[in-house]
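All remarks here apply to the structure that follows.
We call the chains A, B, C and D, going by the order they appear; numbering starts again at 1 in every chain.
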């Protein structure tokens, strides 16, 4: 008789997994696939979760902690929780103005939100929608120097204090199941077209208002004739700098005054190199199992990397965060904070800002309860002794 | 063609698993869920069982033991078996006067029964129902000192020789599936209301006689207007002392003349601290996987804790006991006895006292047969050499 | 489209698993359950097989062995294969005169057959049916000294050269699923009675000729009034010597001039004790997972025991043998030969002597092919270097 | 909603697994079984894949490699990819002139193709169909010296530069499920006959043109009266030299001037012996799990063998290659190249040359993408540091 809730009251959605089920029901298959799927056989996708689940937690009772401290200082700034929203592209496919919804949900909780280079909303629109937002911008290095420079200028102007450079996805991973939704690039298969028709809510919300969402953020750089969904996708894939290197990163480090975070690190050597180049932070991630299938799980990578760079740079973690306990485990293994991507996207796909907010609240609540149950009164005290 | 027995002859129920199936059939879903479910993804719940199953047993044939000794001395008193009934709240939801049924089943077999603070029956009623009972009382530390003191006085008056202080559940675990039965706190979802109607036997037995059972034991302290099911639940959750600490435990130790047992230990450091504070016993437990999901299995915790405190305090174990072999394994790993919670609750939900008794008898029989088959003529001789 | 063969041509049954499926189809559920089931949760039953499967084999190509030597010297006698048929009781429930069928199948291949104490055929009938048989007798130690002595005398007279004393089943294991076939001891449940009616072939073959088979071998000792199926079962269970010990074994060793083999060893200490008492052989076995559930798998026990007694006694192995490779693995781990029980019983239940013979031939063929594929030209050369 | 593509556009087949599904749909069951199945319980078949999947990959981002070098020097010759098509017999059952189709697909990509001794096409026909082909010939050692010598002469004349001697299949593995397709040798069971009728496309393509394909390559040596499918099979199995040995290999080494590769090595001792005898290469393989079931997975064998012979002979690998990452893993563990068998056969069974080509292209693309994603700009640089 166990069944997830199917209605509209977000308070009755009790976990990220339940939110995922809700999102799945609301999205046409192709959009769900894009969101939830991984590369090839999804070995890495599933290990991201199973390797986290395999870690055991220690608990000490009799250490009262009614209000465990969850505040952390991250990249030089106090933040209420060790959680941020990570970058994701094409969010507009999930919900109208999904980027703005995520930004508002984050802002309201004083958590950072990272806008992707390939977002549907512009940097400027995000700032306008959430003036108080702790605003991070994610850069995919671009071939055209002027385009990249313009993006950086816009980010600066919008007050982005943290720049996240993603290095693991200039070459697109082999997301087969995603491609199987299409008969030809950008043309859905018949089955998937029919399936879209079975989701009138989504059509009304997402499709009718403006057709398939375009890459708003990059629109200025796209030749007007190609500013449709198909054209802009092609444009982007051609503009990605597949030659991005440590040298170029060094130059970017000089260029960017704010905090610079390198996203896409899976090897301790690279982490050390990032430290040497003066990175303010790194994100240990395998891009949610969407890139190299077979790559070790992100949490196992963290286990190797964190000790190597401990205290010398800020360590962020993503890929597989679905529970408060996942956050506890990542922090106990040396991360300073985690980024949420799919988790909050499930929320936004279900109910826009409110849905994303519900996910953040669930993670925050779980985190609080976990610390209480573990008898840990300060999240900053977590280390590997809390694991087993 | 394998199928569990579905009828009413308890002698045809041959295992705890079969009793669980019988209970499940008799209970409305929400009650079954409350009874059998665990926290979040139920990782700990399932590891409690699988980690026990993974342990191998050694057997020596040619060592005749027609009547292996199962008697143990526990907390200074000889007992026929290393088994007690552990505390559980709200038993009245499973069977009318379930607390009394459990108490009588235990008393008849000269085994201890532990009454929960949040029981439906009062301490006094239990004593009256089972005058010979080896009566243990489980205390949830309370904010209001007078209320706690009054509970202790009542327990003393009722002749409870052992006080079990539970320290791992002042903050309620995140039992999502339990919550999913409800549309709002204490208000069943429509599906679950319909499901109740499909269980007329349960309605007749449990619901009609007196409505949803109230917290009889705490009733005196609850403002009369709130003495209904919903109100008393709220009352309790507010009264739990979430600030209970080693200091307060030390004071409790001074206050309580009888045996004092600390329930909720998962870490060897805490076990040693308990010894230092003069605890007569500890219960190594993770509350049946109902609190911190991801917490290591209780049997693995026992493996670490028992050697650390060997000989210096009494070590009880629960969480996952479903078979005689589970008891053998726990004892071989250093436990002095085990507590049964879900196992006997499955019995009581199926057939009241007789059902609980059947479960105790099954465990006792299995234990005897196990020892015979292992060639172990005294349960007190079990140690890790019997495992592999 | 994969499906096992369902017809009557034994040559089309290509493996023991396929024979098991055939037996299952031909037997009423209760008889299949008795045959194939194990104790309690069947942990040991399933590990017997999975632990064997987990062992890897090494192969050397370019070592031609068209006719690998499979002959072994076992208990002082050359035998064509390191395989014998192990003892099993109540075979008559599977096929009329199943004991005789097994004996003939073994005799025809010059392999030993072990008659169980609780057989349906008498020792004398077996000898008469298979005059050339390499005849082993399995003794369950009996309370009544005269009865046991008479059994030994009859075995001697029938020319049994090997006496197998079983020590692990004087106390019956907890075979729950077997018991679930019955409403009361020996009285089938309604479902099972109906299921018998669905197996007219079995009824005609087994049931009509003489009713439920009685314990022929023990019949002389059973009071005439109790010589029915129910009565004889009760008689046997009361006569089992549950006090059998190393002392009594020492006396039996003095009494029995022929080869004496101890069946039921799982611990290296006991194996050494058996050597000390002059046992000609031991059988490393857990009784096919029918006794102590949780007991380590027989092959893991062999891994510990064989090195301890290497060269000092004959080591037989059973519990889990379903393939030629299982035999290879057991021998490589130190066994001198294996016993087949369920495997050949599946054959006999399917087609009497021919079925049992087919199973022996399958194992022999597989063994030959395995040795060829491994490049091992003499089965006596197998050792742990062939494993990985 | 996930479902593999079922139509005819090969570009929509995105992985070897999807190609396998397509092949399965197009083939009658018996042919699919022959192609995809393994020996006995298929333990080795499934471990070949699962052991490869269990290996983790390391990735370094920020090392740009737009065009990673995939060229290798193999057996003294530069080749565009470390991939060849391995030998397989009876391909004609999958597609008309399947050998020619495979040869052409390989030739067009400048990859080697290995023709099996038991091919349907003759050596000469292959050479004619693909004049530029990098042509390898696989020899099953034959009893009749003249026949073998004639095969070698023909291979020389056809310009085969590499001779692959297969040593692990002179004795046929126990492919039970394959045999279960037949009521008698070469006579399909009724179910399978009906199933053939359900595959009219296959009948039209494969069966009508010329009946069951005969062993074209060996036809000259088969007595004319036996030159049908059944007769030639019998002939072959009788002609296999089951006495092939290191001595005979030494003589073959003297006889064959070209490159000589030994296929069927699973043990480091044998690999060393192959080096000692001057083999130009070895193939670490377990024949795709079709021979000795229980044999360790090929990738685990590679892990032991490659370090032992590193730099002293060319190490090829097969058994389980389904993905670009599998190739990466094999090379990182010391293989110089891999052979594809089932993978390309799935392609040929789906769409002849185009299908096989699609599989090679998929592997090549995956390989390229993998190297890019790993940040490895030269496939020759792969070593165990890329694994974890």
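What we mean here is this: a residue touches a chain if its C-beta (ideal position, glycine included) is under 8 Å from a C-beta of that chain, and two chains touch if they have at least 3 such contacts.
Here the structure is a predicted model, which means the values were calculated and not measured.
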Cα superposition angle of subunit B on its copy subunit C, in degrees to the nearest 5: 90
Do subunit C and subunit D face each other with the same patch, meaning over half of the contact numbers show up on both, or with different patches? different
Centroid of subunit C to centroid of subunit D, CA atoms only: how many Å? 43
In angstrom, rounded to a whole number, how far apart do the mean CA points of subunit A and subunit C lie? 60
Residues of subunit C that touch two or more other chains sit at none
Please classify the inter-chain touch graph. Allowed labels: line, ring, star, complete, other. ring
Using the touch definition from the top, list the residues of subunit B that touch subunit C in their complex. 1-5, 12, 14-15, 17-18, 53, 55-64, 66, 323, 325, 328-329, 366, 369-370, 372-374, 388
Within their complex, subunit B touches subunit A through residues 29, 33, 40-41, 43, 167-168, 171, 173-174, 176-177, 179-180, 183, 191, 195, 242-246, 249, 264-267, 269-270, 273, 286, 291-296, 300
